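Since the structure comes first, as structure tokens, the remarks are kept for the end.
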Amino acid sequence: MTSLVVAPPLLVCRAHIAYGDRRVARDLSLEFPAGRTTCLLGRSGVGKTSLLRWLAGLLPGATQAQPIAFMAQSDLLLPWLSVLDNVLLGYRLRGDAAALRSAEGRARALLDDVGLAGRSGDRPDQLSGGMRQRAALARTLCEDRPVVLMDEPFAHLDAVTRFDLQDLAARLLADRTVVMVTHDPLEALRLGHHIRVLSGPPLAAGEPIEPSGPLPRDPADAALLGLHARLLAELRGQPT
Amino acid sequence: MTSLVVAPPLLVCRAHIAYGDRRVARDLSLEFPAGRTTCLLGRSGVGKTSLLRWLAGLLPGATQAQPIAFMAQSDLLLPWLSVLDNVLLGYRLRGDAAALRSAEGRARALLDDVGLAGRSGDRPDQLSGGMRQRAALARTLCEDRPVVLMDEPFAHLDAVTRFDLQDLAARLLADRTVVMVTHDPLEALRLGHHIRVLSGPPLAAGEPIEPSGPLPRDPADAALLGLHARLLAELRGQPT
Amino acid sequence: MRPLVTAVGLLLGWEGLVWLTGAPPYILPPPSRVLTVLIERLDLLLAEALWTAAEMLIGLLLGLALGAALAVAFAASAGWRRWALPLVVASQAIPVIAIAPLLVLWLGYGMASKVAMAALVIFFPVVSTLYDGLRRTDQGWLDLARTMDANPRAILLQIRLPAALPALASGARIAAAVAPIGAVIGEWVGASAGLGYLMTLSLARGQTPLAFAALVVLCLLGLALYHATDRAARRLVPWQSQGE
Amino acid sequence: MRPLVTAVGLLLGWEGLVWLTGAPPYILPPPSRVLTVLIERLDLLLAEALWTAAEMLIGLLLGLALGAALAVAFAASAGWRRWALPLVVASQAIPVIAIAPLLVLWLGYGMASKVAMAALVIFFPVVSTLYDGLRRTDQGWLDLARTMDANPRAILLQIRLPAALPALASGARIAAAVAPIGAVIGEWVGASAGLGYLMTLSLARGQTPLAFAALVVLCLLGLALYHATDRAARRLVPWQSQGE
Amino acid sequence: AQDKVRLLLDWFVNPDHAALVIAKQRGLFTKHGLDVELIAPADPNAPPKLVAAGQADYAVSYQPTLQMLVAEGLPLVRVGVLVAQPLNSLVVLEDGPVKTIADFKGRKIGYSIAGFEEAILGAMLEKAGLTLKDVTLININFALTKALMSKQVDGVIGAFRNFELNDLALHKAQGRLWPVEANGVPTYDELVLVAKRETVDAARTKKLLAAIAEATTWLLANPDEAWRLFSTSGKELDNELNKLAWKDTLPLLATDPTALDRDRYQVFADFLLKRRLIKQAPPLDSYLRPIR
């Protein structure tokens, strides 16, 4: 399950983001290095989701340069499709029958990985909140794109499931350009090559923090605990 | 802001919970002590939300014995009401004009507490995900009920905001009977008089864990760290 | 059992109305008289009802197909929207008396012109509600589909259309309810059979009870079609719980 | 500018239709003739249009009010649903020819019976869509309201009704589009003014161009009412983005 | 004080109503102490029923309609006459293939009033040696000239001799016409005045008919001035068709609206019976009320 395309970097260049009169970002420039996972932290409402939507080309003025997989803050499952069909949504929408057939096996495997093997025929409204989030995660991973954008992908999962799925994501997303919004500093430390704390308004990114060690990292690592404190302080608005 | 009614205990007595053929709980009996906060942990899909809905009297066979405030897993803000009006929804629905007037001040204070002071006139679709969750929290707290049921109330909040709002909740919910579902063992340790790990199916509750010390507890406490490991193990299905 | 109770209740209400307003039998015959005629002339009524039912059904199917196609065209193309939408709205303002000779000229006096007239009445609620539904799609879904490189066609057919099915169901219910009058109006184009024809005929001859018996049969046909459509519509959107 | 282009386009299309089908002028007059008559008899047409517009507007308002009230009653009470819903559905099957004498009997020859007839046509889409909307309320909101000890009335008025406003908007759009035909049908009850009256009269007199001029004015009235309603409907649900 | 009278026309105002309109315009009703309101409905079947229901005092209707309604038990009486002969006729295009009624064999005929017009047509065809089975009947719903001119049908029944030929002429077509009463159908009164049996007021009716008679006399003597008065009395009356029809209609108006030919009703009732349009013929006295 390696994509053939080499993952590109993501660039934000002098971006303006505004909703009506409310300016979220102004002249924002930022780079997300190719083939790496960048975790974004930031206070609620600072503009993380907006930035991600910008990167996905969903905001006015933004463009989507390369194929991406996008996992939004809400699960966005289609209620009329089974869980399996939801996971395969991208292939169904692109209408390539051969690709769809060949993807089905992977979709089932992914559902198995996220613990929904027995639920692939259920409708989304028969799932619990965490199950829905896992289905959305499986859909995003199934897309198999060089660039992956994820908005709080594990927010509704219990600690154990979260830990396992972090491993899964780290494995499947290796060598892709990933931008992941999270509220959990430990999650960022476990999964991010780079971690950036966003502040604002206007939206600004702190210096990238680059913990060492291969992904996924061990959260019990003492070095990480120090960074944890630093992240919290930065979040609190007191850069150390 | 103390409620006049003395908070009652909550009892689940030989409850059956099922969706069609899918049995979630069978002959479940459980007690939530009066005036205390019980935190529920459990794997995704085990039935936490179902249990909470049972307690709220929202499932067939269940009854709602006393006034409750219920915060669901999704924010359930009404898109046609301003944030302030959403917070006051209960008072508006009950149609008691005097109560509504007297609650407005508290609602504004609560919006201030959750960091939405400047957004009380906004429509919910102008808020970020975390802001919406904070508005829903304010609505729940504004209800000022002796029994409060909350389903993952802080899931979409960054670590700092979450910490502050945990304090707020602990302060405002003291002496009430609170049942809170959470996925964060540290949050449970910080806020719960009792912590119960749910397992299943069929749904069953582990022995109550009762950390010592007043709420909110300090997460850095060494005693809590031990309990943290125990909770994780119990979640993983290996009770220590 | 329940429909029977309802029917008896309605008949009593009707009798009460006759009694209260003092409407003479040649304007509003009492239900007892209408029932007698209904039973006496059942063979005639059923034969005519068959015609009307056929017009209703074909008109409804045609109206649904045409309405759905137009709504999709409006949702898909600004050109269709700009040029055809005013036409569609304006078409609802055309009385049968103005359009009947045209229909006859193009389609002749056969069933085709009647069905066309019926479909003209029936298709509009379908276009209108479905088009409304198609432009109300959740923005989140549309955004998701865009990130998946879906073309507008796929988005329309696989996201917007299924999401608009509850709206279509709503339109289909209205369409089913107006199908009887559509068929009767169709018969006005020039018919020699059907309940509408029978009604005009018997009203002209002063046989008001027979006219009302035909009306009762027409209403029953309408109710049956409405309930069948309602059932089908509920089945169309199983993911959406609908109260009674 | 754009409406003008549309109008010219439609006229060209009409002329083309006449040319293509070879419809004789006494059945489908060419737009040039109709335009001439339209301009020559503008004062007459406007005077008649005033009547019809009044009937349309009053009928629409009445229909909206009645439809909304009934939908709320259906949503609130199983009794209303059981007894009145079949009546409402059946009411759509009744042709004007059967009910006109009754209306005159009860409401006299004045405007009241015409408006009543128009409202009868107009109210149904409103009941149907709004009632559909009322029974589609998000279960989460209903549960929340229940935990807040809201009585069914408060839930209906403060949760279900606002949540169903997009559906009501959909119904109002249909109602506006059928309002012209409602008014014309109303004029059938016995009128001495109005565009429908003028149309019947001139068709019977072989003055087809005048009839079509009246039809054009009627369609314009319909379009204007539709667009006004569309605007109002969008304003009704500002929280819901609607594409063009 | 003026006696308020509500009179329902059979249809929109047209030259057939000349006497009524002129009586009103020249104040002849007022002169006889009546305040008459003329109301035009769109459905010719409704007025007699509304009179029977007491919603109006008089209605303009047709002899065949009256006899069929009375046979169905409506409490109506004929109190006067406006046109004392049939207007109905069978019409074809002059340059069409049908030269005699016998030529209709295998052709299409349009009608508008089911039952009654079928019966008339049946009688006419039988006189020419055909039956209804030899032709195809098509309901054209009053679009007579349109159906003829667009060649959707070969002939139409229900054409009024004072209107349809003129309508054809205005569209530069010529019609050929067979009057019904000359081709196998008993003669009858086309336009009659009816009232409700129980409440008919002889004295008032006398005044009404007197005003109508006076108006008829005047308009026959002053046809051009009468046309001006008529054509300006309401909307859309001043048009070519009405102008042409006016000339053809005046000679058809009954000079004596009180006239009553009882035999004609007996014969026509028998015709209706034979054609099975009525099940039994009510006694003439029950629905003929001579006003002298």
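Some observations on this one:
Here the chain labels run A, B, C, D and E in written order, and each chain numbers its own residues starting at 1.
To be clear about the criterion, a residue touches a chain if its C-beta (ideal position, glycine included) is under 8 Å from a C-beta of that chain, and two chains touch if they have at least 3 such contacts.
What you are looking at is a predicted structure, and each value in this text was computed from that prediction instead of being measured.
Here the chain-to-chain distance from chain B to chain E, counted in touching steps, is 2. Distance from chain B peaks, on a Cα-centroid basis, for E.
As a whole-number value, the distance joining the C-alpha centres of chain A and chain B reads 27 Å. Between chain A and chain D, the centres computed from C-alpha atoms are 50 Å apart.
Per-chain Cα centroids separate chain A from chain E by 84 Å. The distance from the centre of chain D to the centre of chain E, with each centre set as the mean of the Cα atoms, comes to 36 Å.
Among the residues of chain B, those in touch with two or more other chains are 74.
For chain E, the set of residues that touch two or more other chains comprises 45, 49-50, 53, 143, 146, 150. In chain C, the residues that reach two or more other chains under the touch definition are 23, 27, 101, 105, 200, 203, 240. All chain pairs in contact, by the document's touch criterion: A-B, A-C, B-D, C-D, C-E, D-E.
Interface of chain A with chain C (complex): residues 53, 56-58, 64, 67-70, 72, 74, 76, 78-80, 89-90, 92-95, 123, 125, 143. Those residues of chain D that touch chain C in the shared complex are 2, 6, 9-10, 21, 23, 27-28, 75, 78, 81-83, 86-87, 89-90, 92-95, 97-98, 101-102, 105-106, 124-125, 128-129, 132-133, 135-136, 139, 166-167, 169-170, 173-174, 177-178, 180-181, 184-185, 196, 199-200, 203, 211-212, 215, 218-219, 221-223, 226, 240-244. Those residues of chain A whose C-beta lies close enough to touch chain B in the complex are 19, 22, 41-45, 49, 73-74, 115, 126-131, 134, 152, 155-162, 183-185, 232, 235-236. The touching residues of chain D, counted against chain B in their complex, run 138, 140-141, 143-151, 154-155, 158-159, 162-163, 165, 237-240.
Put simply, chain E touches chain D in their complex at residues 12, 39-43, 45-46, 49-50, 53, 55, 142-143, 145-146, 149-150, 167, 170-171, 234-236, 239, 241-242.
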